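Look for chain A in each of the two complexes below; its partner is chain B in the first and chain C in the second.
Moving on to the complex of A and B:
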């Protein structure tokens, strides 16, 4: 149902944006015969409901159509671009988790200390800095300090692993640093709240070692909100790649959607956004499923 | 029937006379195609070019985007090549003749030309290509340029005859590279032919398409059977699409790209100081202008348009928006000023005259000025600074300007529906005044008259210019037209920004064409 509503919204929004592919193709020429010929070629001369119904029926059959510019199947364009984005998103998630969770736990345990202050400062900067700015600073900084820049011509890991690493390292660091700050902030708040609970005090009073209390009890109890947050972070990273892919010339899903919108390539934009909705629903489903694994009580 | 007959052989004799007999073996114009030949050139090597613009597709028949033309000129060829000075040099045509009434053109085709598909080019291919292009039902943006063609015949394998419905002196320059190019007979019969052009090129150009990965790279490789022996020098050319100039500056500084055309002067200036790169400035065929659509209730009055023109200091606008990296123009783009432009001193309404501007406004019933929206296009950086400068300049005569930024698609829709109002424009042209003016300013139905100028006298001059083939007579006609244009002010052509090409030290003999199209790569070579 969510996918159907989303598809209708996406379809309507694209048609509501002024201009179409015919205008983009003909540029400053305005021959009415050529205009009509192209409108007919792309099916834009048919009523909107007919265009939507036909597209929806094709989607239900698993066919997202073909790019009006490239002629390539949208499913193939989207899957190629998604793999690129997924690689960045997953690695960013790993980097941000590895940095953000320990920092958040540490800040929560050391609440009110200088370490907590430093980590909170990092969180604040990370939460307020735009990803475009961070990416640009890393790009310019790497050039100024090391006379190095990414190659800007994308290679997949299977084509050339070292080139792939060179092109994705800065995007991952840019997105990863910001998401680590968000993670750290969230984990700190959870830890602080958890460590103030009675059972923690009781455990410490009984003589359990702080390490056991913090990591075995407190950390385990914040895993459910943490996994929820991880799902949100993953969706946020997928959204953030629109900007970062544009900055680093990476042919991912974000850039595919952006160029589709600019060129009014309706099948690509509709197909790609529908796919994004599908991914968001899937991630939420997986998060819900993970609750049961973390806390068996929730299976009931 | 035939009054004149030029062959490139005659041109060769004249050229050889000035350069020495060694050129005799080769027609003169051949040596000038794609720029000057470098005797020291070596073959081999690859070049990576950073590009801030990306072609939406590689189809030269159905895509008007300048970003597409820039690169497809490497793979597709017309009957003529538009030289940097604006003359049409025979390319796939070897020679041509014109009938006395100017309505029949006979083209003799070059022999031994092969397509990237391996087929040999014949007159049937030429006939098919231009017949397809000129039929508006095929939806090509180039159809309007060929509307004077009545029929095309191919009496033998090496001859093509174009019969016209009216005289058209600029037919040769129209049969160049903006749209189309000669492709194999019947190519578009296949339903997926258009989109297949993104994977395989089918032209006759010096490079053939190797790979096009949208949002990433475009790769051309040397066409081994290219008809100009010894060309191209490069084995491969890769265009890396850069979504922003900051990335391109960093890439050029660190040697990730060998070359790139920059649009923001501040970026090019930064690189000009870097080691191992050089900045090359080339006057362009582009123009940054202000359009004044007569459908606007205020701008329909010629006196209002003249007042605006008299209040605008073009030089100040140019310095504010592109840091002076360009040339102030009157009514002709910088790249064609020498051959076709009216001297700036003779162009009306070019000098700032605020008193006269105020007087004109008062006569038009606006003694206290008025308020007007000025639209600029999002992502066209130069328009931001220009808009603020113009708003300040027009404030001096009581005009309050509200700057409105709109997306390109919205702007194109307004433009094509002739609802331009008061807006910035940024457009390139092919090197002929008729191609520059006709569609834009000729009244409908023969022209599009986007600014609703509806000027019968100007339209008559444009028709004369189209039909005349004598250069001196054409120049006189276009001089009169330019005076009319500057006097009535349907548009204010402000300046042409220079093409700012940054080249690494490996790059040799790259000659930037004033259109910004990459013709020059055919004769570019890389040092070891």
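Moving on to the complex of A and C:
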């Protein structure tokens, strides 16, 4: 339902504003006959509702149409671009979880100490730094320290694994560092409030070792909010890749949307956005499904 | 006495809070009187001194057309922060009013509005921002409009839930039984009680909106050059990153510092209002 309404909005928004693909193709010197012919060719002369229903029926058949520029099927454009973005997003999620969760747990246990102070400073800086700026600074740092800079032509992991690694390492580091900060901040808050609860005090008082109390009891109890947060982070990373892909010239979903909008390539933008909404809904669904696995009380 | 207590409170405050107050004071000066801090013109072009590294004459260096970066970054403070502040204000007013009405009225109107607003939320903010500014075209007006639309649902939701909670309380029932009109109860009784929630949301969203504003500027969808704006300066610096890192360093640091100080302020507001 949400996907339907949002695609209708995207559809009308793109057509409501002045400037379409015909104008861009012909430029200033267009003669009216050519304009009419091209508008007819793209179906832009037909009423909005007719264009929308036709598109919607095709979508339900699994056909997102063809790009008006490249002539390729939108489904293949979107899925190719998504695989590129997905690789970066998943690796970023792994990196940020592996850094962020231990930092947050540590800071939560050592609340008020010097270590906690350091980790909190990292969290605040990470939450305030613009991701693309961190990317830019990493570029400068890598070039100054190792006289190395990433290649700006993309190769996929199946083509050439080491080239692929050289391209994605900086995007993953810049996105990962910031999301690790968000993660660590969140885990710390959860941990601090969990450790204040009575059962923790009771467990420590009866002589259980602190390691068991922290990792077996407290950590297990904050798993549900942690997984919810993981879903949020994944959606955040997908958003963050838009800027990072443009900076590092990576042909992912974000770049596809950006170039599609700039070229008024309606089928590509509609297809890609529909896909983004679909991914967001799927992630939320998976998060909900994971609750039952973690916490038996939430099984229905 | 109160000044003394204020000083005492400052001394006891954690380092991050002190730093944030200090930075906020600096930004206030940069917003009120940028020409006093950086007397050089932020837009005067001089090809003879292009791409100079930081020096005594040009503290932050110069960009590819020889503009003084210190002046540009300092003058951009008012523009960037002003755009974000304005956009969020618009968003807070629209979202707040709609949310109040929706939550207070309930019923079909509420259901419809809530569903519509949720549609915006299905997109990650940056993608919604890219779509709106991309379609409308670059420029300060469109940027403000885009940010306002992106953050409207969050103001709507908080105002709506606030109005719903207030609506269930006895004083509203009392006002009704005394014969006050619905509009008057909403405006005079409910709205003032929901306002602090909206204010808090404003402060909490400010750093997030600032990041999106900068990202859109960086993608070339923000303020048109030569107007100085942190995101746009970063976009310009991107092409010279390996030869002139200083173009990109400073606007990023200013973004970081302003985000940081507002975020710490937001935490404090949240603690004070006791809902964090």
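FYI, the second predicted complex is superposed on the first by the 299 of 300 C-alpha atoms of A that agree within 3 Å, B and C clash if a C-alpha of one lies under 4 Å from a C-alpha of the other, contacts with A are read in each partner's own complex, and residues count from 1 in each chain.
In the analysis below, contacts are C-beta pairs under 8 Å (C-beta built on N, C-alpha and C of every residue); 3 or more make two chains touch, one makes a residue touch a chain.
Worth saying up front: this structure is predicted, and the values here are computed from it rather than measured.
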Just chain B (first), just chain C (second), both, or neither: which does A:143 touch?
both
Have a look at where A:121 lands relative to chain B and chain C in the superposition and call it first, second, both or neither.
second
Just checking: does A:129 make contact with chain B only, chain C only, both, or neither of them? Give me first, second, both or neither.
second
After superposition on the shared chain, which partner residues are touched by A:161: those of chain B (first), chain C (second), both, or neither?
neither
First (chain B), second (chain C), both or neither touched by A:240:
second
Is A:69 touching the first partner chain B, the second partner chain C, both, or neither of them?
first
For A:153, using the defined touch cut-off, is the partner it touches chain B, chain C, both, or neither? Pick first, second, both or neither.
first
Please identify the positions on chain A that touch both chain B and chain C, taking each partner from its own complex.
17, 136, 139-140, 143, 149, 246-247, 262
Quick one: in the complex, what on chain A touches chain B?
17-20, 23-31, 33-35, 37-38, 41, 66-67, 69-72, 81, 136, 139-140, 143, 147-154, 246-249, 251, 255-256, 259, 262-264
With touch defined as at the start, can you tell me which chain A residues reach chain C in the complex?
1-3, 5-6, 9-10, 13-14, 17, 120-121, 124-125, 127-133, 136-137, 139-140, 143, 149, 235-236, 238-240, 242-243, 246-247, 254, 257-258, 261-262, 269, 273, 276-277, 280-281
Chain C residues within the chain A interface of the complex:
16, 115-116, 118-119, 122-127, 130-132, 134-137, 207, 211, 214-215, 218-219, 234, 237-238, 241-242, 245, 248-249, 251-252, 255-257, 259-260, 263-264
Would you tell me which residues of chain B are touching chain A in their complex?
48, 50, 54, 56-57, 62-65, 136-144, 192, 194-196, 198, 213-217, 238, 240-244, 246-247, 250-251, 253-254, 256-257, 407-410, 412-413, 415-416, 418, 427, 439-440, 448, 450
